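Can you keep this structure in mind? I'll have questions shortly.
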Amino acid sequence: MAMKLHEYQAKQVFADAGIPTPASELASDVDGAVAAAEEIGYPVAIKAQVQVGGRGKAGGIKLVEDEDEAREAADEILGMDLKGYHVDRVLVEEAVDFTNELYVGITMDRGEGKPVAMVSTKGGVNIEEVAEEDPDAIAREHIDPAFGMHPYQARKAVYDAGVDQSIARDVSSVLTTLYQLWDDRDGSDAEINPLMVTSDDEVIAADAVMNIDEDALFRQPELAEMEEEAAGGDELEQKADEYDFDYVRLDGNVGIIGNGAGLVMTTLDLVDHYGGEPANFLDVGGGAKAERIANALDMVFSDDNVDSVVFNIFGGITRGDEVARGINEALEQFDEIPKPVVVRLAGTNWEEGMEILNEDLVTVEQTLEDAVQRAVEYAGEVNE
Amino acid sequence: MSVLVDDDTRVVVQGITGGEGKFHAQQMMEYGTNVVAGAVPGKGGQEVEGVPVYDTVHEAVEEENADTSVIFVPPAFAGDAVFESLDADLDLAVAITEGIPTQDMARVNKRLSETDTRLIGPNCPGLITPGEAKLGILPGNIFAEGNVGLVSRSGTLTYQVVDSLTNRGIGQTTAIGIGGDPIIGTDFVDALELFEDDPDTDAIVMCGEIGGEDEEEAAAFIDDYVDTPVAGFIAGRTAPPGKRMGHAGAIVSGSGTGTAESKINALNDAGVPVGDTPEEVADHIEEFLA
Amino acid sequence: MSVLVDDDTRVVVQGITGGEGKFHAQQMMEYGTNVVAGAVPGKGGQEVEGVPVYDTVHEAVEEENADTSVIFVPPAFAGDAVFESLDADLDLAVAITEGIPTQDMARVNKRLSETDTRLIGPNCPGLITPGEAKLGILPGNIFAEGNVGLVSRSGTLTYQVVDSLTNRGIGQTTAIGIGGDPIIGTDFVDALELFEDDPDTDAIVMCGEIGGEDEEEAAAFIDDYVDTPVAGFIAGRTAPPGKRMGHAGAIVSGSGTGTAESKINALNDAGVPVGDTPEEVADHIEEFLA
Amino acid sequence: MAMKLHEYQAKQVFADAGIPTPASELASDVDGAVAAAEEIGYPVAIKAQVQVGGRGKAGGIKLVEDEDEAREAADEILGMDLKGYHVDRVLVEEAVDFTNELYVGITMDRGEGKPVAMVSTKGGVNIEEVAEEDPDAIAREHIDPAFGMHPYQARKAVYDAGVDQSIARDVSSVLTTLYQLWDDRDGSDAEINPLMVTSDDEVIAADAVMNIDEDALFRQPELAEMEEEAAGGDELEQKADEYDFDYVRLDGNVGIIGNGAGLVMTTLDLVDHYGGEPANFLDVGGGAKAERIANALDMVFSDDNVDSVVFNIFGGITRGDEVARGINEALEQFDEIPKPVVVRLAGTNWEEGMEILNEDLVTVEQTLEDAVQRAVEYAGEVNE
């Protein structure tokens, strides 16, 4: 999983490494945004700081020419709901006069098991679309992770992409720095889109994406601090962060809890197979103890869309008795169980778990298929 | 018979003095695995459950002729532990550890191309040859000796499928959990090749999931090289595009590849039936063996 | 015939727009070498002496089918230039540059083990097949076509020995200056193997110097595998122990290996006569060919 | 060629990287040394800062207990001539109470073409002797230069050497840092001998060797500055540094100048072969112009031991006409040529060179053998 930096954070990281970025300032209220715009000098762009793609099209980025426009734009953007994300900060940024927009990026090519550097002269648009419609427009250079990126590789990617010779050296240098950052900071993706080219052949990073490998945050204390600030998403996702669950919210009404991503996904698929609609993906991971199980139930109960819950645990390192204890704990606090819970336990200590489980509080099923069918049935009953 | 592991396998457990390492070393030995040594820097000279501990894997190899390592080392140090095992001329290294930084694994991947040691994992449950030996954390009691080879990207899903097989009286030659990380050692193709070459494996189960293109590549490989009948399962059919679900591998990018549909189609095109449920996978295997 | 280079060799000159690169590209062409391209980042589209210049070696390969590069790039950038040539699927790369940091060469050395491209040098005069082509900075006029292969760690010493041969009417198949740096691509053993396999090479001159153990290894190789008669020369007999003399390679550590004596003994034991003077080397070759 | 840091410089570099070193201070006069000793606290070691091995045996290191001893020792060491090197600075250093002495080092194994890390419990003595007499007492671990040293490799070397478990972690950590330094700073050798072990199981670098690859000094500006300070050796060697020649002073009386290390060594060998004694090795390198040739003559003339000079140039990139011009320039300034010069020119532009050469000033020979014989003859005549 990747931790996404906000644009303003990524730009700071890039600027610190020597990549040219526009002058900018973060603001969390309208007056602050206007003051920042005055300081930077018009025209400026006012950009919503939320972790969603396509901010521009959704109205989250406005170019303004004077104070009135700035005030209006800041007022509009601050507080808006952008694809489900609340905007509470904007980046006020020098508007760059550009003649051309490039794309440069580094990511891990999982098929090859090695990093890949990418350059395209078709920047400024959705690069995934370019990749699909005109794959040759993106030059790709795989990097040997033991050696790192050789300077000739940066040049090769840049020349292969057809970047003009007048800026080739600068773009190579940005790409080299970007790889260095990606490597030093345990990046999963590092992108500049667009890398703007000005009329006097300067390049400048007009947007910045930096996603960090969460598994490596332990050795990136500076970035881990940024994560606090970057944390966003809706209430449930924030709760999942807090509880440290792999959680994805979906549109249905059958809540799903299980151990192991593959098994949880399979449970989702079975809910669908039996005519239900999954409300979420929630993986408690390996070796979950009672408290963690209780937290998982708390999470799913907090989702108003959920009408029934299926608990599917196949014990390996996770022990059935611990799971049962957690379920009991979570449910015993209620006078009335808020949503019906179906439990299926298998694997390590499942018999002990069955004995511990308070069958007054939950419905027990022996097989995955039966458990899912029962939960779908419950959810349907509620909906009727 | 079996692939990769049997009762001759001589195992060194890296991280045997830690909580998980100790517990599972014990479990492995109870199952019958020949655990000959532990390796933990600074703990050389100690014993864990009667097993001698060495400071380095090399010593474990020299002193106890270990040929396989199972790695229970915390993620921050696990990349280094894998390097150590690759450098010790082992036949096999099994990395159980979850959460190894991806860049560490990219470097491991590079080294893998330079050595003869095979890596399974990381972030995997390990592998088991029922009745002989298990390497890793799989619950031994659900497995049974038999003639079905199983390879899976997911741990608990493996158990689910194995359970369905065993309940029907269908045992396994060897079951391999290859792990769900973006960068892994042994992949589907490698495992399929091993099972295809194993005379005792009469059918193969392959459990994949959304994300990446390993299943598509496996389908092409099956089409070209595998005569043993294969039944498939793909988890994540209902996962919405663009969402990551648990495994770093399990993301659907939104474009045409990596989706459940593309994987199922590829497998079907290679003549591999894909079950809608784990039980349906067992149905297919039952038919193959009938 | 010849080894490594002939008039079919298609050469790209890396650094062709620099002073040395330009001068020697011209000299090479005058000698008859087929220089098809230059490669200098930022200079793509220019021409030097009628030769098209590309930004990358890859382009030179794609556009002009270059199969060999000669590298005249300043030491700070030469390591990268060598990597680029190794990555461009060339048959041969010749690094003339002197003063490449040793750690850069250690990394190049690692990459060499992963590619099929052969490297000559760095810090070498290059190589020449008289009458056909020369790659590097050797003065073409002192060479003559013939049947003696020559391999040497030193540039000007090579010229000295060649001069002695040519003056006696003894020509060369190919002469290779492998360079005097601590870490080089092609070494004595590689060159001896090429000459041994060349049907037109009837005798071999091998010029070594103090430091390292390459000459001792070459002697062992000659003993085991080389039937073509070899005459040797070792520079530095009078060098005092512990002093470095010019080449990073030319140091006598004071212990038993790396001294002129140990090298001369090793060669003599392998049946290789070692001349006291360059003229004596020519005497031996004359005898071999008589 | 390697640039050697002084002990005090290397210790600074090591300490900055976190390797424990004893408290110490540099002094260039007796009062300064005594003041430093007072500040550090007795006992202290007073150590001559010169670039020669075996300082201790030669009297260049003294352990002192009080001010009188310190004054006496500093007075004795400062100004002394240590194997031909004038001592003008001493390092005054905390005397470490040790129970054990280890050796750790990193160097380039040219045979393997890769770095090697070495650890031995037989530290405190000449490690070359250990290597010869008891090679198994040194654990060696080769490093893949693309990956760098993995932590397990440091541990492996340490355990293989038989280092006690109580200090194994600290020694591994020192070795890891040492490799990092070697790698970052373009080291050719980085050594700590001895790495002292104290009675409470601390390790401390009691001596420090750091030699830098001269070819890489361009990217090590900090170390290049240290080189200025580190420059030492006798007057002629300093002159060679200034002129940037590969120069080695020897004991004989025939001065030798040539181009290319192999050819110059061969010229030395021929001088010996014909009964003479070489006074030096001097390689002007490739492509020398007239001025450089004149400098070379100046160098060799400055050596009082030289009685005759042989100039042996085989032109490749070096051009005979430039050489001839340089020789003329150098000699035409003298009313009387101080020492007879024999010149042999071959290769590129040798005919032009011959025409330019002023044969009133030099003796010209056609072959290497004749030139050397003539120079040996001249040197013999002078000696008679």
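Order of writing sets the labels: A, B, C and D. Residues in every chain begin at 1.
Keep in mind that, in the parts below, contacts are C-beta pairs under 8 Å (C-beta built on N, C-alpha and C of every residue); 3 or more make two chains touch, one makes a residue touch a chain.
The chain list, named the UniProt way, goes like this: A, D = Succinate--CoA ligase [ADP-forming] subunit beta; B, C = Succinate--CoA ligase [ADP-forming] subunit alpha.
All of these numbers come straight from a predicted model, not from anything done at the bench.
Participant: A-C versus A-B: which interface comes out with more C-beta contact pairs?
Facilitator: Looking at contacts between chains, A-B has the larger number.
Participant: Report, in whole Å, the distance between the mean C-alpha point of subunit B and the mean C-alpha point of subunit D.
Facilitator: Centre-to-centre distance between subunit B and subunit D: 55 Å.
Participant: For subunit C versus subunit D, what separation do you get between their C-alpha means, in angstrom?
Facilitator: About 28 Å separates the centre of subunit C from that of subunit D.
Participant: Name the residues of subunit D that each touch 2 or more other chains.
Facilitator: 144, 146-147
Participant: For subunit B, which residues are shared contacts with two or more other chains?
Facilitator: Each of 107, 111 in subunit B touches at least two other chains.
Participant: Provide the full list of chain pairs in touch.
Facilitator: A-B, A-C, A-D, B-D, C-D
Participant: Can you list the subunit C residues touching subunit D in their complex?
Facilitator: Those residues of subunit C that touch subunit D are 20, 75-76, 98-107, 109-111, 125, 137-139, 142, 152-160, 163, 180, 182-183, 207, 209-210, 212-213, 233, 235-240, 243-250, 253-255, 276-279.
Participant: Write out the stretch or stretches of subunit B touching subunit D in their complex.
Facilitator: 41-42, 44-45, 55-59, 77, 80-81, 83-84, 87, 107, 111
Participant: Spell out the residues on subunit D that touch subunit C in their complex, using ranges where they run on.
Facilitator: Residue list for subunit D touching subunit C: 1, 108, 110-111, 113-115, 128, 131-132, 144-146, 183, 186, 188, 213, 215-216, 218-219, 246, 248, 250, 258-266, 268-273, 278, 281, 283, 286, 314-317, 346-348, 368-369.
Participant: Would you pull the subunit A residues touching subunit D in the complex into a rising list?
Facilitator: Interface residues on subunit A, with respect to subunit D: 144, 146-147.
Participant: Spell out the part of subunit D that touches subunit B in their complex, as residue ranges.
Facilitator: Per the stated touch rule, the residues are 147, 150-153, 155-156, 159-160, 165, 168-169.
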